[in-house]
Each structure stands twice: as structure tokens, then as C-alpha cells.
Amino acid sequence: MMARELRAAVLEASRELAASGLVMGTFGNLSVVDRGAGLLVIKPSGVPYEDLTAAHMVPVSLETGDVLEGSYRPSSDTPTHLELYRAFDCAAVVHTHSEYATMFAQTRTPIRCMGTTHADYFHGDVPVTRAMHEEEIASEYERNTGLVIVETFREAGMSPLEMPAVLVASHAPFTWGSSAGTAIEHARVLEYVARLEWRGRLMAPDAPRPEPFLVDKHYFRKHGSRAYYGQP
Amino acid sequence: MMARELRAAVLEASRELAASGLVMGTFGNLSVVDRGAGLLVIKPSGVPYEDLTAAHMVPVSLETGDVLEGSYRPSSDTPTHLELYRAFDCAAVVHTHSEYATMFAQTRTPIRCMGTTHADYFHGDVPVTRAMHEEEIASEYERNTGLVIVETFREAGMSPLEMPAVLVASHAPFTWGSSAGTAIEHARVLEYVARLEWRGRLMAPDAPRPEPFLVDKHYFRKHGSRAYYGQP
Amino acid sequence: MMARELRAAVLEASRELAASGLVMGTFGNLSVVDRGAGLLVIKPSGVPYEDLTAAHMVPVSLETGDVLEGSYRPSSDTPTHLELYRAFDCAAVVHTHSEYATMFAQTRTPIRCMGTTHADYFHGDVPVTRAMHEEEIASEYERNTGLVIVETFREAGMSPLEMPAVLVASHAPFTWGSSAGTAIEHARVLEYVARLEWRGRLMAPDAPRPEPFLVDKHYFRKHGSRAYYGQP
Amino acid sequence: MMARELRAAVLEASRELAASGLVMGTFGNLSVVDRGAGLLVIKPSGVPYEDLTAAHMVPVSLETGDVLEGSYRPSSDTPTHLELYRAFDCAAVVHTHSEYATMFAQTRTPIRCMGTTHADYFHGDVPVTRAMHEEEIASEYERNTGLVIVETFREAGMSPLEMPAVLVASHAPFTWGSSAGTAIEHARVLEYVARLEWRGRLMAPDAPRPEPFLVDKHYFRKHGSRAYYGQP
């Protein structure tokens, strides 16, 4: 069985994702990439999380998108993951339909950075993609979803390292990170800040934003060369 | 004991329903039909979910509505189930008072299709029945509830296969499916999309709907002859 | 040890109440009455639910309000319970600070009957007491709380049998019933219908109420001589 | 190992905090002070709650802020805790990003005292600090956070004993108490009253406040020399 370690990592992370409450039923998926080996491993399509084994995990060529071993169909969103790995410097991608983040995606509303909880993880507002055109949906829909995400970051000059999350319009969120655990953590915190922002927005729509120097302070307290949060 | 397998299926599914958080106390009920044998089996009325055994399950004639065996009263909503089986092509019916879907039913508000989570399961807005007349309530109330549901689909030209859910005005939801598991899954997803829609509607009442081609893409990605979601 | 059976019943019900999620910390209390013996048994004041034993339970004279045995202080709300037993035909009283019902009490907003879930248990809108006067609070506050509840029902000509719940203004709910289990069930359903009504009211404040004949149908389907819900 | 008992207390309380649902991931922290020994013990920075042992706990000098033993970095918020211990008479400090209280902090909205649940613990509205200036954030940010909290109480003439909680603008809450358990209890109740107030405010923004004599009655029923709640 090829990619044995990656399969194990994706299996374990898929179980963590299932336990996180961020996915329901068979919604959601997760992959991890091995750039040296030129492949990613992803959850199979439509298999209940509780039935998953390492043998279900599907290795897919990073270059061609072909399944490299086994008879399981990869997640239908695999072409989206592929485009994200091609454009973004990250090791894992997570897709959920988590409740509040999905609601922001459905209403095409960015999640504004309104406090330090948000700034600890996301350096600015979490963006929403443009709506996709009919032809982008008719053919290669999942691949075009990835391309539209990449376009969103490129056009806004946004760094996928400082903003490891996106809301796909009328659909749901994707997050990524330097490991499966980090990508899941980003999905968790994304959901949490969506909850904070939804409630705050209903109660106090005109509340002032945090000052930019407070946002920078919290983001760079945890990230980059001057970080001092956590153990050395 | 007749209908032994169906009793076991209804018992197991009732336990799954109780564990789902979609019912509270003795609210809610579930039945499975055997069209060949001309009967359905349904949960008894007002017995706590944790006390249920196969012997409590009540076989009822699909034609006459009579209890075919045993001394337990069937769910008081049995005549509603009967009318749904008579009119709709389905194998199981579930009734819950799940929190958000019931709130939409109480306010007589359709659950709009606002994203792909919804479109993956329900092909359009989830409809609300008209309010029932005094005479429909005074006599054969539960049977008339079923007839009003059927009328709602007939008058709107809606397919119960593509829309396996309805909200009964001032009351609560019913869902159905090709098996007990599917009918419960529809009840779960109905509750989930009700949560998404309620929150989105409060925050962004004028948010654009998903384009019809996106709705169709997601619905038919999972249903019908061109489906490619899941394992072959 | 006197009132051994009643102590056991109050202990068990207090544990059920703690597990219900309707109370937090040491908030909330529960009593059961033995009218023949002229006493009630109530939870002690401020003892964490997980530490409770039968010996903690406090028997109190229904006539004088005196503690009849032991050295534990009864719940500070005991005089409220006493006034409810004196005026209402019920066997158990429950007081919680459950989240949604308390919020309705705090905003002095009745919980409107907006659907059949509500009508299955409460025959009409759940009332709010008037605010208490300074002198009613300065002296015998807890007893006056009970008297204000009784006044609310008397002045509205409301039956405590058909409406086994009340919201004390700026404070929290009380419920009662024909047994400890029933009083807790009323507290549970009260919280549930408060959740439904809060959400519905925010989304659709002008939604039509259920027709009176639908409310009566559901209430009397479960209560009174023509009830046909549950097992005979 | 120094401060063995304090380490054990902070470890146990940190586990209780993790189980409380008030913190997520590595957010939040807790310390306990030993004024006689001139030190506090605090959770280490960025270590997952489930990995914590007594050896991770960091003793810090109350006077100099220096780590007194071991190689773990204390929570990055340690200087905030230090300033609180210097100015307020309390034995433990807790910092969370609990969902509703954080949302009030983010929107810079005080949590109004709207009922007896609130008045049982907090004698008045829970205050919000002013926003911090750029220079307060650029240098000694965490220490200045503590100073701004202390300033808030001093300028409002508020007693930290009667108001054991604060919301730091655009950030999150801090609570304190006479023991680790009490400080956590304050964090729990703070979150609870934030939930009540948020929901009430959305539904009934103009609802009357409780009368001052009702607030005093509940606060002093539980606190001070005339308290009669709980066991003697």
C-alpha cells in the first residue's frame, strides 16, 4: 500500500474532524500533500466518517489528478484541493460545512476582524469568493472552485499564509495550514470567530473595529519572527 | 409476532431518532412501510423512547388503518403517515418537533434554498402547508394533516422525491425517504439548513440566492442518473 | 429519619434536574409535597447538586414553614413553594434559571403560544407576574414572590392546571405538576417553547398565531377526559 | 519543586477551566496568588490543556514578574495578572475567550444587569475598558492591559469585590475571586448572563431594568454580613 504514513495521517485527521462537530453526515473532507512524492491523500467520497479505514484513503497525483492506487473514488472536491496545493504554500486542506462559517458563505458576507480572537489567527477579514459563472459550474465545477479561490487571493493581494481561510460564495468554507492539525485548527477558529461576529453584528452593527495596531499586535504575537506566544 | 423485521427496523430507527437530538420527550414518531404486505409499522403513542422494545411497535393496515396485532395504541399521528404512504413513493416517514424546523413551521415561513448544503438534499425551498380549517381539525385531524400535505405538493406541482420534507403550518416538520435511515437523514439535514437559513436571514435578509444552475449542479451531483458523489 | 420516601423522591428529581441542563451551579430548586402529612421536602440552600444526599433534604411544615428535622437550611425560595402549594392543586414545584425562559422573565415578555408544541402542554400564553413593590422585597421577599404568582393567576382567571408555569418579572420561571417528574417535564418544555418563540419572534414578529381550535385540539388531545394521546 | 500546592491548585483549576467550555484550544489562562510567599503560579503559554502537568506550572515573582523556577514560559498574559493582583484584593484570576462575553467585549458593550441571575453575582453592569492607545500596545502591552482594567475600576469608583469581572475592549473578559474555584464560577456566570442579556436585548431592547431594590436584595442575599443564602 503506497503512501502509508500519509494515509494514516489523513485517517486520524478525518476522525478528529468528525469529532470536532464541524462536519455533519458525509459533508466535508480533508487532504494532506506530499510534494516530494507528487501526491496528495484525500478522504473517499460519501463514506461515513465512522466507517473510514486507512485503505479507504485515496492517493491522487498532484500533477494529473489521477487516482494512483485502489478502487475508491476520492472526495468529489478533490480538484479544488489540487488547485489550492498548486497555488498556495500549505501542507493540508480542510473543507467543512460548519454552521456559522457556512452561513456567512451562503449570505456572501465576509467575516470581519472584530477582535483579538480573530486577529490571533487571521490577519484581516476572511474573504468571500465571487459567484461562479454558469460555464464554470457546468464543466469542471470543482476545479473551477479552486481557481476562483486562488483568483480571490491574487486579486486582493492577500497572502494565504496570513489568511488561511476562505468562504466560497453560496457554498461553504475551506481552510489550510502547515499540517492537518493546523488546517483543522483554522477550521475550528474560523467557526468560532464566525459565531462571535454574527452575534456582535446583530446586537451592535456599528460597533467600532479594533484599531489596526491591536490587530497587528495579536497576529504577530503568535506568527512570524517576532512571535513570543507559546514555548520556545 | 408478525412483521418481525419491520418492527426491528422501526425500533432501531426510533433509537437513532432519539439519539439525534431531533425529538424531545415523547414528541416525534417514525414508521416504515411494507407495501407488499400492505402494512406499516409505527412507534406506539406516548411511550418514552428509552422504554421501547420490538413488542411495542404497532403494525397497522395500509388500507384500513386498523391495528393488526397487539394491544399498544399506535402514534396518534398514524393517519398522517398513512396518507403520505398512499400518495408518495417512499418507504419511511419521520415526524419531529426539531427546534429550528418547528420554528419555521410555527411562523409559516418556507425554508429558502440559500446554499449548496440545502441543494445537496432538497431541490428548492421547503414548503409550508396552508393552515387547516376548523372542520378539518374537529374531525379526523391527523388524517387531514396528511391530506393537506399531499395537497401542498399537488398544487405546487412539486415532486416528493426531490423535496422529501414539508412544514405543517403552526405545527412541525415531516420528512420521508427510501429507508428509515434516509428519512432520518432528511430530518437531520432539514434541521441543519433551517439553522443556516434562520441565522442568515437575520443578518442579511437581502443576500442573493444561489444561482439556479448552482442549485441544480449540487442536487444532481448527488441524485439521479448523472450523480457522481459517493462510491459507485 | 422522617419523610424517607419523599426525601428519596426529591433527591432523585434534583439529580434529574441537574442533568437536564436547566439549572447551572446551585441555581434552581425543587420540592415535593405530602399534603396528608402536612409537609413538603425541599433541596437545601446553596449545596452543589453533585454533593446532595437524602440526608440533605429538608422537611418543612406546610402550615408554619418551620424546618421539621435536621440542621440544613432549606432553599431560600422555600416560602415561595409554600404559597404555591397553599393556593394551587399540585404535588411538586420546580424553580430554574433556564436560559431562554429566564430571558423572557427578565424582559417581562409572556411566551406566546405560537404552535402545537406549546399547546400540547400549556393552554395559552405563559404569563409574567407584575414587578414587585419595594416593601414586598424588603420584607418576606420569597413569600411575596409566591403571593404575586398566585395573584397573577387569580386576576387573569387562569387555571394553574392548564397553565403549569409562570415567569416572575426580572427573575426566572417556576413550574409545577402532579409529580416531581411532571413538574420537571413542564420546566423542560417551557424552555423548549421559549427557544422556539424567541427565534420565531426575531425572524417573523408578525407571523399569525395558531387558530384557537388548533390550540384546543392539541391541548385536549393530551389532557382531560377526551384525551387520546398515549397508552390507555 | 517550589510552590507545590499552588501548582497543584492551578493545574486542577486549569483542567476545570478546560472542561467548562469557556476556553477553546490554548486560549485562556488562570493563576493563583500566594501573597505571603510573594508569588503567583500561572499556566504556561500555548501548551494544550490536556498536556498540562504540575511541572508545567510557572511560579512568577509578584514584585519583579520574573520566573522563579523551571524553563517554561508563563502565559503571555502574566503581566496583566500581576497588575490585577497588585491593585485588587483577590486570590485568583481567570482569562477566557468565552463566546458571549467575548462578543460583548468585541463590540465594547457593557453587560447590563437585567435580572436576578446577574444580581446574584455582579452588583451592577459589567464594565468595558477604554480602547488602548497605540503606545500602550507597542510596548508592555500585557502590563498595560492590566493597568487599563485597574483604571476602569478606579475612575468609575467601582469595587472589584462587588464586580469581579471586566470586559477588555475588542478583546475578551477577565474575572477574579477569593479562590480559583470562585474565579472560574464568576467566568461561568459571566458567560451565562451575557447569553441572557444578548437574547433579551435583541428581542426587547426597551425592556425595563430590574428595580435597584431588587438588584440589592439579590446581591446582598448572597454577599456580605446580611447574607442568608447557602448553609451557615
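The letters A, B, C and D name the chains in turn, as written, and every chain counts its residues from 1.
Just so it is clear, a residue touches a chain if its C-beta (ideal position, glycine included) is under 8 Å from a C-beta of that chain, and two chains touch if they have at least 3 such contacts.
Just so it is clear, the structure is predicted and the values come from calculations on it, not from any experiment.
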Comparing which residue numbers chain B and chain C contribute to their contact, where sharing over half means same and under half means different, the two sides are different
How big is the gap, in whole Å, between where the Cα atoms of chain B centre and where those of chain D centre? 47
Could you tell me the distance, in whole angstrom, between the mean C-alpha positions of chain A and chain B? 33
At least two other chains touched by the same residue of chain C: list those residues. 202
Have a look at which chains touch which and call the overall pattern line, ring, star, complete or other. ring
All pairs of touching chains, each written as two labels joined by a dash: A-B, A-D, B-C, C-D
Quick check: in the complex, which residue numbers of chain D touch chain A? 24-27, 44-47, 72-73, 76, 97, 99-100, 102-103, 105-109, 131-132, 134, 137-138, 141, 170-172, 198, 201-202
Chain D residues touching chain C in their complex are 114-117, 120, 185, 188-189, 192, 195-196, 199-200, 202-204, 207-211, 213-214, 217, 221, 228-232
